[in-house]
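Below you'll find a set of structures to go through.
You will see two complexes here that share chain A, one where it goes with chain B and one where it goes with chain C.
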Partner chain A sequence: MTFIEYAWLVPMIPLAAFLIIGFFGNRTPEGGGYIAIVGAVASFVLSLLIAIEVFGGSVATPYVMETPWLKISEDITLNFGIYIDNLAVLMMLFASFISSLIFIYSVGYMSHEGEKKRRYYAEVSLFLTAMLGLVMASNFLEMFIFWEIVGLCSYLLIGFWSFKHPEGDDASDAAASAAKKAFLVTRMGDVCLMAGLFVFLYAFQSLDYAVLFDYTVIQTVDPDMIALGSILLFGGVIGKSAQFPLHDWLPDAMAGPTTVSALIHAATMVKAGVYLVARAYPLFVQSMDVMLVVALIGGFTALFAATMALNNMNLKRVLAYSTLSQLGYMVMALGAGGYVMAHALHSGDVEAVGGYTAGTFHMMNHAFFKALLFLGAGSVIHAVGTEDMRKMGGLGKHMKVTSVTMLIASLSIAGIPLFSGFWSKDLVLEAALEPALEGAGIFWLLYIMGILTALMTAFYMFRLWFMTFRGEEGEASKHCHGESPRCMTVPLMVLAVFALFSGFFILAGFNDLLTFSFVGGAFVVGGHGHSAMYVLEHLALSPYTYLSIVVAVTGIYLAYRMYRVKDVDPGRFNANGESAPYKLLQKRYYFPQIYNAIAMKVTYPVALAVNYFDREAVDGVVNGIAGSITGGSQELRKVQNGLVQTYAAVVVGGVALIVVLLYLAGFLTGGL
Partner chain B sequence: MIPISFFLVLSAVLFVIGAYGIMTKKNGLVVLMCIEMMLNAANINLVAFSAFLNDVSGQVFVLVAIAVAAAEVAVGIAILLNLYKTSNTTDVSEINILRW
Partner chain C sequence: MSDIVLSLLLFTPLVGAIVALMMGGERQKYARYVAMVFSAIPLVISLYLLAMFNMSQAGYQFLEQYTWISTSFLHIQYILGIDGLSLVMVFLTTLLVFLVTLFSFEEKERPNFFFALIMAMELGLLGVYMSLDYFMFYIFWEVTLIPMYFMVSIWGGPRRHYAAIKFFIYTHVASLIMLIGIFALAFGAASLGGSGQLVFAFDYIAAAGFSGVFQTLVFGLLFFGFAVKMPLVPFHTWLPDAHVEAPTAGSVLLAGVMLKMGSYGIIRICFEALPEGAVAWQIPMVILALLAIVYGALACIAQRDLKKMVAFSSISHMGMVLLGLATLSEFGIAAGAFQMFAHGLITAVLFMVCGIAGHNIGTRDIPLLGGMAAKMPKFAAFMMFGFMASLGLPSLVGFVAEFNIMASFFFWAQDNNVVWVVIIALSSLMLTAGYYLWAMQRTIFGRVTDRVDLSHVHDVSTYEALALGALCGLIALFGVFPALAYDFIYPVAESLAALIGVI
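After this line comes the complex of A and B, so read on.
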């Protein structure tokens, strides 16, 4: 027996938890919270057992198990099943692991929610189900279904407080509109994604990964169709992973409970987009232009989002911008790696590309430290009851565990050597550098963007940490009621261990497990990669590594001078918050207004026109047909006038007519 | 022997008179009588053919038809009686309660 045969159970267990909590949650303790935890932990354990088999090499990957689902025509059958390779296993592992920790944490964080806990735990279980289903799906259509369920769950959870917000009615309105915004903005991407699926279905006559990723099949298809499909697919990624220009829903999504933010940012939702790029890599690498677009969007998002985090006063918003920025890193790495691969694809075998490993590795590390940051922020918010960092300060004394774990996460995301973020961030920058050194000048720009982002990341993370945990006590800190309960601090500590050490996975096998190469005319996920020694040597000898370390330390030092020692007044650089760039950042580059303007000026008139067309043309035809039939019948029923003599006349006349016609027919055919 | 066509013509004449009466007469009773006339026109046909072809079954049919016609007239007259009681008329052109 192998565990992988039971892989379909991995999403089924949280689904069962969802159903049980949904129906009976309020009859169990904590509104079903323990059931959700058991479900998540069970799928983590099963994922772990599968991971041991897959990574151990006892199962051949990709492992595909599918059953026909829809038969569209003689040629096209859509399947439903699972497709497991190293990438899927990695996603299953960290999604279920981080979700388990977040669910445990929720028992403490959501303890005041009463009856609504049932809804919360049911929805997060469904969220996990959808994410696991998304990463295990065996074809694009199945993936798309789970992709949409993920979107639905994010909508429900972001709007969790839309009826009764702990901070009052304005906040609940904000939560409701944030939920709508998240749903509608990602929908824009999803429309592109669906269009991409149609293109692939048309070009390949199939949506199965096993068919689409087969190089012999790819060669028979028009490369322009693949490029078009890929770029449309990337539209979906832009929406889901909140890349520029569809990024603006993510900061608003902070209106949900902090645990939900952690779930969306670390384990599910936004990771789905990055996963999709990595999953569809064999299609994306068919075109250098597509990969260049991916890399540019990623790099620009990284820099663009980081700037907005620089002066934000809301604890969770800073983290949201940092997620945007880090997602940009991942997409940039995947794009740059794919560019290199696309360039070399037609000249034979391509060794494992650095960008793919860097992107997926950063995705995993980011999951750990971002979950930690959000849960830490949640712990702080739980203790002080506000999200405004100006009212915090000096919390380090009251909340030792939170402040230390947050420090670890901040060091990690800033890229201080040996912390997990250092390894993957450096790989990301290196991935951008690789095509630049080979002569693609535009990647120098991306590299510079990456370095600037690194500087800003270090700065704003430590600005956040110093403002929250050091300095004088703010007004909200004074009534802080100490450290959070054990069920909240233990997940923090577990995550801190991973934020510290998960970077070493790259030396202990990750470099072999998550690679993407083109060997012997086929794409291979998890083929042989660079050895650990090579990676280490490369990092240690490259001057660019030291540049990024210097940049990170500079950022931290700046934050230290401004927000800890306070001998450099940050107000000096922005005229005490009055300068135009400062306001521009505060207003998020006016993106909310741009969205609203587009909605009002473009979408609303289109909607009105569609509404008019629907009411007048579509409904008009239907109503016209119905009206003519009822009107005609109204007239026709007058024939039935109740006078028997009329009926008799009609009968006699009719018979006479038939007789005449029969005679006529007989006469004409010559029978008579 | 009288040729069969004589019977047929007689029957046709009776039938047409009956049909004309049904369509034109106002009195319900006369209409019923016209119906009887049409029935009997058909009966004459049957009996004529029965005698002509030496087949008794035609006469059997006629006897059944007469029995049915008697029952039908009984029902028809009962309806007419009730109509006269309720609406005080037997004029079929005024009775149109079974209409749209």
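After this line comes the complex of A and C, so read on.
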């Protein structure tokens, strides 16, 4: 027996938890919280067992199990099933692991929610189900189904407090609006994605990964169609992973509970987009142009989002921008690596492109430290009751565990050597550098963007940490409840261990597991990457490594001077409170207004015009004709009731009469 | 049994209607039990048909054929028969009638008459979906009008008389034009066959071998009749008015199964009898479909009345049915037909939800509402489920239909080098999500409204919840296992596409 045969249980377990909690949650302790935890942990354990088999090489990958779902035309039957390779296993592992920790943490964090707990635990269980289904799906349509359910869950959870918000009506309104925005903006991308599926369905007559990723099949298909499909697919990624210009839903999504933010940012939702790029790599790498677009969007988002985190005072918002920025990193790495591969593909075998490993590795590390950051932020908010960092400060004394674990996460995301973020961020930058060094000049730009992002990241993270945990106590810090309960701090500590050490996976063989190669005319995930020694040597000898270390330290030092020692006044960048760039950042480059204008200043007036036209012109003609027939200028609406009943009676009678006459005619002519 | 089962199915509601009608005066309160029983029987029979239907056999099954009227110049027959498509529509009809009866179980105003009308409507609807003689088809088509007229004009809202008359006259005029088309078919077939006798049987007319010009002209007449019923823009204005005024049961049946008579007619008569006409009318059909989809969706955004919004969404979604059909491929025809089924289930939920809003809150005016989820959690849950299903959330039945329609349309556009038109169709998906989410934001979420007196508001009642729950369950079931219905429809689409493709 192999565990992989039971892989379908991995999403089914949390689904069962969802159903049990949904129907009976109120009769169980914590509104079904323990059931959700058991579901997530069970699915993690099973994922782990499968991972041992897959990574250990005892089962051949990709492991595919499919059954026909719907026959839609002579040649096309849509399937439903699972497709497991190293990438899927990695996603299953960290989605279920981090979700388990978040669910455990929720028992403390959501303890005051009463009746609403059932809804919370049901929805997060469904969220996990959908994410697992998404990464395990055997074809693009099935992936898209789960992709949309992920979107639904984020809508439900961001809007968790869209009615009866504990902080009052305004907060309810804000949550309702944020949820709608998240759904609609990502929907924009999803519609693109759907169009991409049409293109692939047309070109390949199938949506199965097993068919689409087969190089012999790919060669028979028009490369323009593949490029078109890929770029449309990437539209979905832009929405889901909140890349520019569809990024602006993510900061608003902070309206949900902090645990939900942790789920969305670390384990599910936004990771789905990055996953999709990695999953569809065999198609994406068919075109250098597509890969260049991917890299540019990613690189730009990384820098663009980081700037908005520089002066934000809201603890969760800063983390949201940092997620945007880090997602940009991942997308950039995948794009740059794919560019190299696309370039080399025509010349034959291509081994182990750095960008793919960098992107997926950073996705995993980010999952750990971002979950830690959000849960830490949740712990702070739980204790002080505000998200405004100006009211915090000096919390380090009251909340030792939170403060230290947050420090570890900040060091990690800043890219200080040996912490996990260092390894993957460096690989990301190196991925951008690779095509640059090979002569694709535009990638120098991306590399510089990446370095600037690194500087800003180190700065804003330590700004956050100093403002929250060091210095004098703010007004909210004074009535801090102290450290959070054990069920909240233990997940923090577990995640801190990973934020410290998960980078070492790259030395322990991650490289071999998550490489993407083209060998002997076939695409392969996993295989032989560079050895640990090679990676170490490479890092130690490359001057660029030291550049990024210097940049990170500089960022931290700036934050230290401005927010800890305070001998550099951050206010100088906002002279008289009306500095234009400062305001531009605060207004999020006016993106909320742009979105709003598209909805309310363009679409809504058009809709009103159509409605007016409908009533006055289309219906006007109808009433006019009716009026002219019934005699005179009277509108139909003014016709008296009695007249109509008479008319109806005439019509009914008429039909009856015709039938009777026909019948009689038949009878008389002896036809019956 | 199987040689009279369709007649049994057809006339059970008639018996039910007569029995219910007799439950006047003192016995009024028992009328609902009569209705329950007599609407359950057809549902059971349709389930029996589903079980007994032979999927591998082409053509019509359970055929019954009797000569009804035969003179030297007329030959009208009583022919009943079902293929996979009619079977699905029959199932949908009997299901919705049963659930609507359950939903309206506590109707207080003249319940005997109310339930009798529902069953009379069922008679007409089943007749339309099972008749294979076009003259009979027309009679049943007209039969559906009358109970609906009374339902709107007696149980309707403040402008019920205007709406009922408009509904009646508008669709009746269209039916007459359709009747001309049906007679043209019979005349055409008779003259081609060299006989003086008008025959309306489907197989006789299909075998006539009409000329291309004749097909194109007659297709136009019939299509107009069906287009008003669906309804397609710009022949749709009777629909929002009728829906706004109609009682919930009427709206559910109107949108759920009565509009589908239009698209069913296009498939059953236009495509089957006039395949060449279908080819000639393909481009106009595509344009009308796109117009209905986008126009309907835009109009939805502007509505204040929840029910009127849902009514316009029906126009948009019925446009999708036509978009699928207009591709004339097996992929598209099956997808369009599946959308008829999907929309029938989903729209029933939507109109029930609107009915509950009007009934339990006292207003359906979106700007007046707000925060209803805090007061009526079950109502909010059903509303969200219905809206999500309607905007095409995967894992629910609407998605399968929508995805397949859009994909088949993409295939058609790609083959005809007009890929950009797909953008028009896809834009409606954004608009649809937009109006539904915006409506939810303003009605069930946010602060609790202070513009409406909420002191007497009560949540969904047990009967209503049962009906809604059953529908939601089916929406999810067919969303996860669409083949349960799709496999009945697909062979019909396949043979039609083959028929049209032969030209």
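Everything that follows uses one rule, which is that the second predicted complex is superposed on the first by the 600 of 672 C-alpha atoms of A that agree within 3 Å, B and C clash if a C-alpha of one lies under 4 Å from a C-alpha of the other, contacts with A are read in each partner's own complex, and residues count from 1 in each chain.
Methods note: a contact is a pair of C-beta atoms (placed from the backbone, for glycine too) under 8 Å apart; a residue touches a chain by one contact, two chains touch by 3 or more.
Remember, it's a predicted structure, so these values are computed and weren't measured experimentally.
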item: Contacts of A:69 with chain B and chain C, given as first, second, both or neither; value: second
item: When both partners are placed on the shared chain, which of chain B and chain C touches more of chain A; value: C
item: Partner chain in contact with A:198 - chain B first, chain C second, else both or neither; value: second
item: Chain B versus chain C as contact partner of A:599, first or second or both or neither; value: second
item: Which superposed partner A:148 touches (first chain B, second chain C, both, neither); value: second
item: Intersection of the chain A residues that touch chain B with those that touch chain C; value: 637, 641, 644, 648, 652
item: Touching residues (chain side chain B, partner chain A) in the complex; value: 19, 22-24, 31, 92-93, 95-100
item: For the chain A and chain B complex, residues of the former touching the latter; value: 637-638, 640-645, 648-649, 652
item: Interfacial residue positions of chain C with respect to chain A in the complex; value: 67-72, 74-76, 139, 142, 146, 149, 153, 159, 161-162, 164-166, 168-170, 172, 233-234, 236-238, 295, 298-303, 329-331, 334-335, 371, 373-374, 380, 388, 393-395, 399-400, 403-404, 406-408, 410-411, 414, 422, 426, 429-431, 433-434, 437-438, 440-441, 444-448, 482-483, 486-487, 490, 494
item: Interfacial residue positions of chain A with respect to chain C in the complex; value: 69-74, 76, 141, 144-149, 152, 159, 162-164, 169-170, 172-173, 175-177, 179-180, 183-184, 187-188, 191, 194-195, 197-199, 201-202, 599, 603-604, 606-608, 610-611, 614, 618-619, 622, 626, 636-637, 639, 641, 644, 647-648, 651-652, 655, 659, 662-663, 665-666, 669, 671-672
